[in-house]
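Next come two complexes built around subunit A: one with subunit B, the other with subunit C.
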Partner chain A sequence: MKKYRVLIAKPGLDGHDRGAKVIAKFLQESGFEVVYTGLHQTPEQIVTSALQEAVDAVGISVLSGSHNYVFTEVVELMKAKGIGEIPVFGGGTIPEDDIPPLMEKGVKALFRPGTPLDEILAKIKEIIG
Partner chain B sequence: MDYAQEALNGSVLAGARLIRLLEEGDPAGIEGLKKIYPHAGQAFMIGITGPPGAGKSTLVDRIITEFRGRGKKVGVIAIDPSSPFSGGAILGDRVRMQRHATDEGVFVRSMATRGHLGGLSRATFQAALVLDAMGYDIVLVETVGVGQDEVEIVDLAHTTAVVSLPGMGDDIQAMKAGILEIGDIFIVNKADRVGSDDVVRQLQVMLEMRDYSATNWTPPVLKTIASKSEGIIELVDAFLEHRDHLVSTGILDTRVEERELHFFKELVKEMAYEKINTAAGGAKKYAMLTEALKKRETDPYSAAETLMEHLKVDM
Partner chain C sequence: MKRDQLKQKSAAWESETEAGLKKRPERKEEFQSLSGLDIKRLYTPTDLPDFDYEKNLGFPGEYPFTRGVQSTMYRGRFWTMRQFSGFGSAEETNQRYKYLLANGQTGLSVAFHFPTLKGVNSDHQLARGEVGKCGVAIDSLRDMEILFDGIPLDKVTTSMTVNHPAPALLAMYLTVAEKQGVSWDKVGGTIQNDPLKEFFAQKSYIWPPRESVKLLVDTMEFCAKNVPQWHPVSISGYHIREAGSTAQQELAFTLADGIAYVEAAIERGMDVDSFAPHLSFFFDAHMDFFEEIAKFRAARRLWAKIMKERFGAKNPKSMWLRFHTQTAGCSLTAQQPLNNIVRTGYEALSAVLGGTQSLHTNSFDEAEALPTEEAVTVALRTQQILANETGVANTIDPLAGSYHVEALTDAMEQAAVEYIQKIDDLGGMVAAVDAGYPQSEIMRASMEYQKSVETGEEVIVGVNKYIAEKESPIPLLKVDDEVERRQIERIEDTKLNRDNAKVDACLDRIRDTARSGDNLMEPILEAVREYALLGEICQSIVAVYGAYEDPAVF
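Let's turn to the complex of A and B:
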């Protein structure tokens, strides 16, 4: 059976990657291969990493309030690089109102704090298809 | 998309997808590999091995910078272990190399061992061939953090660097059994810590006891502080010096030939086994002979001959 490969990245200037690490660990324990890129990732770094690593999905954890910029930029860059079909998901402190516009732009799933991990797992599997 | 052709034309996307196919054991991957094979064989393959946390990824990051400064394109394959329980993995080597993520002359691919023993993953060699054929001048392979038995890297790399660090104490003694044998270059990283000179001395003493007449190469022991980029120029010089040595002595050609032969033999074994399972009555005959062996009605030599006869394969 093909393994799921997922990229987990943490953009922004803040140094908190607890959320990203929790999800990375959880996905590993669920049998995923998780390519972890660490902190302070720019959209360009995230997208070229996704390209080189041939992942099935890209997960982004945001805390810094830059979510609108980061998700929009990543989705656009992925299209430009020919990997627009790879689903993008994310989590962190994203205001409810910002979610629908981001989904419209092509983000496939956004998890707000407190989403049960099982729900996250099921959704990620669903968007990878 | 013809991944092999596109990869040869310089498409990172196609190269990455071809590596993925190979990693998944997809037959389409092997078709691609055949196509790129004539274009491989140019890259200088360097292995970086050593215990967990020794600073391998940090070293690779700085080695990339140095080779880039010298105008070389660099491909990297970084291996991390799969969990034996979930089969999953966190591939974190890349974290240390992200400054190169947007450099078009650098391609980093993380890989999980997926249960493969030996310090590499099953598809590492194939992935290295793809990067080679894509025109990366240097292919750096970081093994999993190893103990002493994971020495498969020597089958792949032209030059193998073994990383150790201060404070290993008796571990250095333990190392000599396995990975000490495979180093062309020894790195004592974290030389900013106390005890690095002790490790250098211990290594030198152990290396002095070895016989280098076969290769005419005495491995240097180099100190580095990867986190401060210290000792990296000397390290890269040593890589190139070893490479020159391999070329001028003809050892490189011999190693490459041996390696091709090794893979050929392995493939023949694999395919012969496959043939047994697919030939008419092959699997049944195989099962019968296995049973007969268990009951001691035959011996392994006769059983193998009988099977070959059945398959009409000349032994």
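Let's turn to the complex of A and C:
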């Protein structure tokens, strides 16, 4: 089986990285190669990392309330850079009402607080295809 | 009954009970607290073999302060009900403060948005989408004047949750007081200003560890001389716990941070009894009820011992561990959000039985957003019901003498002592942070916790058990994206309406002072009075101290 590479990114000034790190560790233990950006990434930096690291998926953790801006920007920039086919997923404190508009804009999966890790894993595998 | 007799009887009862387990097994083979402490079937006096009332507990207001720091505790007055609050613009948050004060809240607590916490202006590239979202946007004295408009600063005490940029926010607050005609000796409150836990817990750091501790000591020195009622630091375990630590780690790392600050202040030449009475603490109240109570009691006892034995403090107030508590944000669930009211109620009860000085109760909608006015009212009412209706505030430290609670308090203290020894061996907390020690301990604990939730070993109602087929949505607070645009406009306007030559001179003085190593508080105050922006002040310091970057390990 091919070893998937996933980028886990933390955008903006927010320091809440517990979720991002748990997901990174969990995906690594589940056989993925994980590239973790660390904190304080701009959407441009996230997309650049996705390109340089040739990842199969991009995961973004947002607990700052900036999810509408961040996900929209990343998806748009990825299209502009010609890597629009790489699936984008994410999680954090994202109110349910904000999820459908983001999915329409091209985000492939958004996980709310309390989603079981196995469910996240299955979904990531599915969107990578 | 003699001790030996009791021991025999106790052993006989255990083996008899064990024998009956074949027929009637218990729910689990092993029982553990949320943080992994073994919990026995029954506690008796045999679990407290060295129990000495005066040595272990003493009287409230007396060493080692296990039972509380004041002699009357809540019979004198209730804890301060202090809801952490801030969103959108200074105008909106000012309205929320007035609402909370009108509804019986007794102290203010400011939540700043991320750009303020990180010492950049609202027009910074990384601030996009975050302005006013997780707290109130404060870019300069001008926002601070609006934030406290109509709130007399000699009548309320204010807690400000801000760390590396804390000296600048304190300077803004003191300048607002000046403008209100309130002298600094009448101003009371707290800045969190606890820089070290930023590197391994909250992650809102700006400059490196050593420099951040230097700046903390500047504020301690300044407040001791000029703002006698101010608490210049709130040594915080809350964020450590929220980042995924156990209760033992929360306690140990918090006190180890405190030790680092006391050492740094003594090294500056300050007398321990001149500053230690102004130190304050901040803990999390998580779901495991008795474990949390034990943590609060152990914290008081252990800190008193550290101050007396390790630092030779003479003033009993230097040995006081006074603390604020917030119920655990990370225990809230997005699923069946009304259940969070119940969780918060139990957590608040543990904080009160643990003897907290002030309390924030989370709102039921906070797993998803900042609270609505309705949700925050329920949270405040939770405290008011606890204080006024349940009777738990009528006597001091009511769980003292419980075999279970005393044994847990001892276990909690012992675990913390071992961690602190390990940190001492590494060369203290600054060196431990450099070595990534608390970071990796927290990572390990949060991973273990998550796995126990996944297996169902740790039950979270509504999440991995008793899941609802269909959930009814609750209304959530939305912060308008317009706040960002207006805040950026206000920055432009502030720059046009100030004496920019004076501001530049103030920023030069900040850089010069940072280079010389002198106390930075006066130059920061000068810059604030000239409406220098927070980002300008902090980045002037970064120019000398350098910036700390996330090592990005997991």
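The rule we apply is simple: the second predicted complex is superposed on the first by the 129 of 129 C-alpha atoms of A that agree within 3 Å, B and C clash if a C-alpha of one lies under 4 Å from a C-alpha of the other, contacts with A are read in each partner's own complex, and residues count from 1 in each chain.
Methods note: a contact is a pair of C-beta atoms (placed from the backbone, for glycine too) under 8 Å apart; a residue touches a chain by one contact, two chains touch by 3 or more.
Model, not experiment: these values are computed from the prediction.
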Practice task
Could you tell me if A:P100 is touching subunit B, subunit C, both of them or neither one (first, second, both, neither)?
Solution key: neither
Exercise for the section: Please indicate which partner A:G82 is in contact with in the superposed arrangement: first for subunit B, second for subunit C, both, or neither. Expected result: first
Problem - Which superposed partner A:K2 touches (first subunit B, second subunit C, both, neither) - result: first
Practice task
Considering only the touch criterion stated at the top, classify A:T37 as touching first (subunit B), second (subunit C), both, or neither.
Solution key: both
Practice task
Please work out whether A:A24 is in contact with subunit B alone, subunit C alone, both, or neither, and reply first, second, both or neither.
Solution key: both
Handout entry: Residue contacts with subunit A in the superposition, subunit B compared against subunit C
Key = C
Handout entry: Footprint overlap on subunit A, comparing subunit B with subunit C
Key = 24-25, 28, 34, 36-38, 42
Handout entry: Residues on subunit C engaged by subunit A in the complex (per definition of touch)
Key = 114-115, 117-118, 120, 125-130, 133-134, 198, 202-205, 242-244, 330, 333-335, 367-370, 443, 446-447, 450, 454, 460, 463-464, 473, 476, 479, 481, 549-554
Fill in the blank from the handout: Counting only contacts in the complex, subunit A reaches subunit B at residues 2-3, 5, 24-25, 27-38, 41-42, 44-45, 48-49, 51-54, 81-83
Exercise for the section: Write out the stretch or stretches of subunit B touching subunit A in their complex. Expected result: 12-13, 16-17, 19-20, 24, 82-83, 85-92, 94-95, 98, 101-102, 107-110, 112, 114
Handout entry: Partner subunit C, residues of subunit A touching it in the complex
Key = 12-18, 20-22, 24-26, 28, 34, 36-40, 42, 64-70, 93-97, 112-114, 116-118
